[in-house]
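Naming follows writing order (A, B, C and D), and every chain is counted from residue 1.
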Amino acid sequence: MPTGMPPVGEGPHAVGVDIGGTKVAAGVVDASGHVLRRTRRDTPHRSRSPRVVEDTIVSAVEELLAGTPAGEVVAVGVGAAGFVSADRATVVFAPHLSWRGEPLREALGGRLPVPVFVDNDANAAAWAEYRYGAGHGESHVVLVNLGTGIGGGIVLDGRVVRGRYGIAGEFGHMQVVPDGIRCECGNRGCWEQYASGNALVREARALMTADSPVATDLLERVGGRPEDLTGPVVTEAAREGDALARELLAEVGRWLGVGIANLAAALDPGTFVVGGGVSAAGDLLLAPARESFRRHLTGRGYRPEARIVAAELGNEAGLVGAADLARLAAAGLAWADAGDLPSGGVPHDGTPGDLTRLSDG
Amino acid sequence: MPTGMPPVGEGPHAVGVDIGGTKVAAGVVDASGHVLRRTRRDTPHRSRSPRVVEDTIVSAVEELLAGTPAGEVVAVGVGAAGFVSADRATVVFAPHLSWRGEPLREALGGRLPVPVFVDNDANAAAWAEYRYGAGHGESHVVLVNLGTGIGGGIVLDGRVVRGRYGIAGEFGHMQVVPDGIRCECGNRGCWEQYASGNALVREARALMTADSPVATDLLERVGGRPEDLTGPVVTEAAREGDALARELLAEVGRWLGVGIANLAAALDPGTFVVGGGVSAAGDLLLAPARESFRRHLTGRGYRPEARIVAAELGNEAGLVGAADLARLAAAGLAWADAGDLPSGGVPHDGTPGDLTRLSDG
Amino acid sequence: MPTGMPPVGEGPHAVGVDIGGTKVAAGVVDASGHVLRRTRRDTPHRSRSPRVVEDTIVSAVEELLAGTPAGEVVAVGVGAAGFVSADRATVVFAPHLSWRGEPLREALGGRLPVPVFVDNDANAAAWAEYRYGAGHGESHVVLVNLGTGIGGGIVLDGRVVRGRYGIAGEFGHMQVVPDGIRCECGNRGCWEQYASGNALVREARALMTADSPVATDLLERVGGRPEDLTGPVVTEAAREGDALARELLAEVGRWLGVGIANLAAALDPGTFVVGGGVSAAGDLLLAPARESFRRHLTGRGYRPEARIVAAELGNEAGLVGAADLARLAAAGLAWADAGDLPSGGVPHDGTPGDLTRLSDG
Amino acid sequence: MPTGMPPVGEGPHAVGVDIGGTKVAAGVVDASGHVLRRTRRDTPHRSRSPRVVEDTIVSAVEELLAGTPAGEVVAVGVGAAGFVSADRATVVFAPHLSWRGEPLREALGGRLPVPVFVDNDANAAAWAEYRYGAGHGESHVVLVNLGTGIGGGIVLDGRVVRGRYGIAGEFGHMQVVPDGIRCECGNRGCWEQYASGNALVREARALMTADSPVATDLLERVGGRPEDLTGPVVTEAAREGDALARELLAEVGRWLGVGIANLAAALDPGTFVVGGGVSAAGDLLLAPARESFRRHLTGRGYRPEARIVAAELGNEAGLVGAADLARLAAAGLAWADAGDLPSGGVPHDGTPGDLTRLSDG
């Protein structure tokens, strides 16, 4: 881990907000990445205006601030699924919310007493794992979050890689199979069609619907209704030894390894953190992923190989990361990729940088 | 382009060395990226010891220094094909030179009067295009160099991305076709098997050898000897209207677009610079690449799209970039990714950073 | 065409019945393949019992027989989508009718005054094209019918190839893309997911739904409702010059050529007849198919190449073929593959065989 | 098995000749498929004229006839790798012999006292397995011979399927991977690049050359020389438990199953016979093939499934089959596909046909 990081526990707090498809989760996060207080709201339906979502966020944050000593919270970080502009002010496109070009930072900024920063939810989760989770102690971390699709976040040399327009990390739509399975994005053969929670469930249902004898156990687990199958049911069945569930997880793992090998070729991180619901399957997923990764990694045997590990922060990673990135940004540590640790803070020689200012916050 | 860059022409010079498979090219490069003086040596055969290659480099650099006022050259940058460690000291693996774990920086350091920095040749070329070429004025640039294989270099937010172990940018070995064409790296379906100079020539030869009537014109151009076919011959034929040559370039272009769309999904740069011999075909290659890129880019219509442009610095890009990176590193501007521009030098607010020190060199 | 065939117009008539998803079409077919009289019924819903479908068939046939001189019709041939047993008696599996193991020949046999033979609808259509349509004069004909999926029929050396269990010709489910698009059959990458009317419409709709500017013209043709798009609309647009419609048809054509090259490698027919709704596009479909076929055909340049031609009998091919096969079978010409022309009838030396018996019928 | 076959042991003998890449093998074959006497010659180099190969064949046959009672041998059947015309007279293209359009039947016919018939070697082998080997008792048999490439033969309803031009059964060049591994035939992704003896050895060598630790055992078996590896070495290692060898055989088996599922969709045979050197691995190859077959077979669960069995006749299958096909043809049993059993001989009602004439030979 880069030295110069603020010691655990030092520095002010921030509020993190995670806007999901069904829930808006918010929490006060301290400088150790702990969530001190939480609250939740239902996510307004996508047909509602952006103003309604803003109201929901403001309401949740105000509730948290009301229970917090004045000055303790210095910033609000909002994580949202979708494209967020590189300056962390605008939600360019958020499919679940029907937002296009929504100036969220400005809109919220006038209604809350502390600065607001917006980030892609997977970027925020990657940052949280880098700072407090499975990537702690690493300098180059890539998060691959397996959920409905694949969420991706990149931290290289202690900085979030957001890209020229803020849209880096959309790994799920890298094509792994030419002319492959159609993706909601309109393309074919996207990685997330082969490695995600949705892919896992889709494959299982296909076998269940086809009355395949190998699916008998899974079918019984959902009372004969394939449409009731969920990822956790598959994972549980796999843990209890069901052969099909294990094979399906292994298949997702193999494709996970293929895509990770591609990312390793391009980015050469030290650690891949695998998160999302499917990662609860642990080595039932990760062992096949590691094997596939090694088979596909170019230059294997002539280079150090990245580790592939399970995420540690669960589904609060986005909230924690959004808060932490906002906290650092608000502390005047904005740098090229706004909100990341400044170079002064992570010198290779170990000299503490000016992140010590954080404790003065 | 990030502001705060040293004005063109200000600052000391550096020597760049490009170790190729057949030639060692060296030159004195000024702060405008101009090559003031050049020299060349044959590359020692790969069976020779690393010491012989070092002798060759030292000899070339000494020749250049002998014709240069004392103090004018402040550093030597060496670009080499292969894996170079992240601290820019060691060549981890260089297939053309049979090097493994060669401490080149230390070995040369004791024999030359100025500091030496080593870099992957494609990283160096990417930096040169970013600073002085087709990526000038951009902050996020990805170089895709089509030669024997694919060489890749990444500059994000004004910094070279080298990865945890120095091996980032090996795009050529991202898999684009599962179970596809076998690659020298041992894997299958690597991108460079579909988009490179070698792929272009291999496909053309296959048709020539099969006595395909569509290959008649190409066959005549090489006197009936498929083994004499080269990329430039195909490009020339395409320019003169040969249908097969155009189709072959378009096919390489289409695969180029596929891979670039994958990189855009992961990295979201503003500009892709396409270099290498094949890029001489210009729009015969790039127009199909752009079309394929658009078809495969996720989120098209909801995001700004990266430009795809031809490289401008030709085959001196590696030499120029290696010199420039070394010059900046030697000027005390070493930062997390040693040798890149410091954050102080590229503030977003436009304030000039301490790169002005360069002119004091 | 094998000699020894009964001269056009000689021999008794037969009734052909084509059970489609929405209509049951029946007709009296003469020995020239002409449909002399027709009638139609709605296909009973798949939830109804097989008996209801039998009633429908019997009703239609009785209507036709009532208007026909006694003895003129010697057999009834029923063509059904689905798996039909090799002895032409049982419908093993018919998805549109929810039939499994239905003994149709026996069930109808007791209710109609002439023998009944059942066949797969694509087999029947292939036979009709071989005898009276685009395959007339050829000895080895393969039918590829592009509709909802791909229906296939094989006539080799004047005999229908039904396979050991009656299920030959299911070309649509040959895999052309590993890990490709999911098929209703449960597999992935089936040919009919790339080359069929459904594939054509699916691709067009995907672009329309994604608001692709290239789809503007198509979208206007269906009043802005992608769900209203049909294959004929795409074909009409292509004929009128719409670039997207042409490209979509060409894409289907390219995949058609790939699969046909595979079939040619295995079966080496002299002619491929392409039928189904999409074939109405003519050379907009077939020209790309032929080009793709040639590129993928093994041994090209060292072998005669099969022709690829459009079907000629339209959607009555199944009815005509079912009638003709039944007529021949009823005339005592049952032979290895029951109902096909006997070897005596198609000697290579041109001697007329005992098919002359047909005129005695 | 179709009834009406001549009882085992009844009928005259024939000579079979198998022209291989290095050896010409010939033998006298009786009506039970037994090889009574054998002889061999070196195959003349491909640079020699066809006349030299003819001399070799004539010499071998004359040697065999010299030791045989007059009249006992009624025909000579020649099996050759390559394209043989449908009338069994001409070798259209034989890569190993550099033959194009060689009228072998006519050329030999004038020099030998009995009729000569030529056939593709895999067709002959398929026939032998159908009559005397693993396909005995079946009516619809497909042979998949895994050697250098894939040789294929089809027997449907007791007849060899030769195709319109004699070139049916070239399964090895059906494309299973778009843009896949380049084949000697000029195409990409041909089945035989994934399922053949060559594919097995190529994959093993790739791992050995890459110094993969998993290849240590195999490497030791060939004294550290990957170029000395052969299929039998891999099979032996697999039998002795080497994990890599087993995995490589399983991989070939999986691709074997994919292609067999495609052939089953098109042809619906009752039995697939797998021959060639690799088939010596038995269930180490066939168990993965069967599993893959089942996963890829369309309509599984709704149809009878073909068996996949190992060939029984070894490398004499071609010789035996060529002799048997010639014997039947010479006995006046020529039929649509010359040389196959006539319809009279295989009536479905079990009545013996005129094959009894054979015993009058």
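One rule holds in what follows: contacts are C-beta pairs under 8 Å (C-beta built on N, C-alpha and C of every residue); 3 or more make two chains touch, one makes a residue touch a chain.
Just so it is clear, the structure is predicted and the values come from calculations on it, not from any experiment.
> Select, from A-D and A-B, the pair of chains that is joined by more C-beta pairs in contact.
A-B
> Between A-C, A-D or B-C, which shows the same interface as B-D, counting it as a repeat when over half of the contact pairs match?
Residue-number overlap above half with B-D among A-C, A-D or B-C: A-C.
> So, what's the distance in Å between the C-alpha centres of chain D and chain A?
About 56 Å, centre to centre.
> I'd like to verify one number: the distance from the centre of chain A to the centre of chain B, where each centre is the average of its C-alpha atoms, in whole angstrom.
Here the centre of chain B sits 32 Å away from the centre of chain A.
> By the touch rule stated above, which residues of chain B touch at least two different other chains?
If we look for residues of chain B contacting two or more partner chains, we find 177-179, 186, 210, 212.
> Which part of chain B faces chain A closely enough to touch in the complex?
Listed in rising order, the residues of chain B that touch chain A are 2, 83, 92-93, 100, 138-140, 152, 154, 156-159, 161-178, 185-187, 190, 258, 261-263, 265-270, 295-296, 298-300, 302-304, 306, 335-338, 342-344, 346, 348.
> Contact residues on chain D for chain A in the complex?
Touch residues, chain D against chain A: 178-179, 210-212, 301.
> Mind listing the chain B positions that touch chain D in their complex?
177-182, 186, 188-189, 194, 202, 206-207, 209-210, 212
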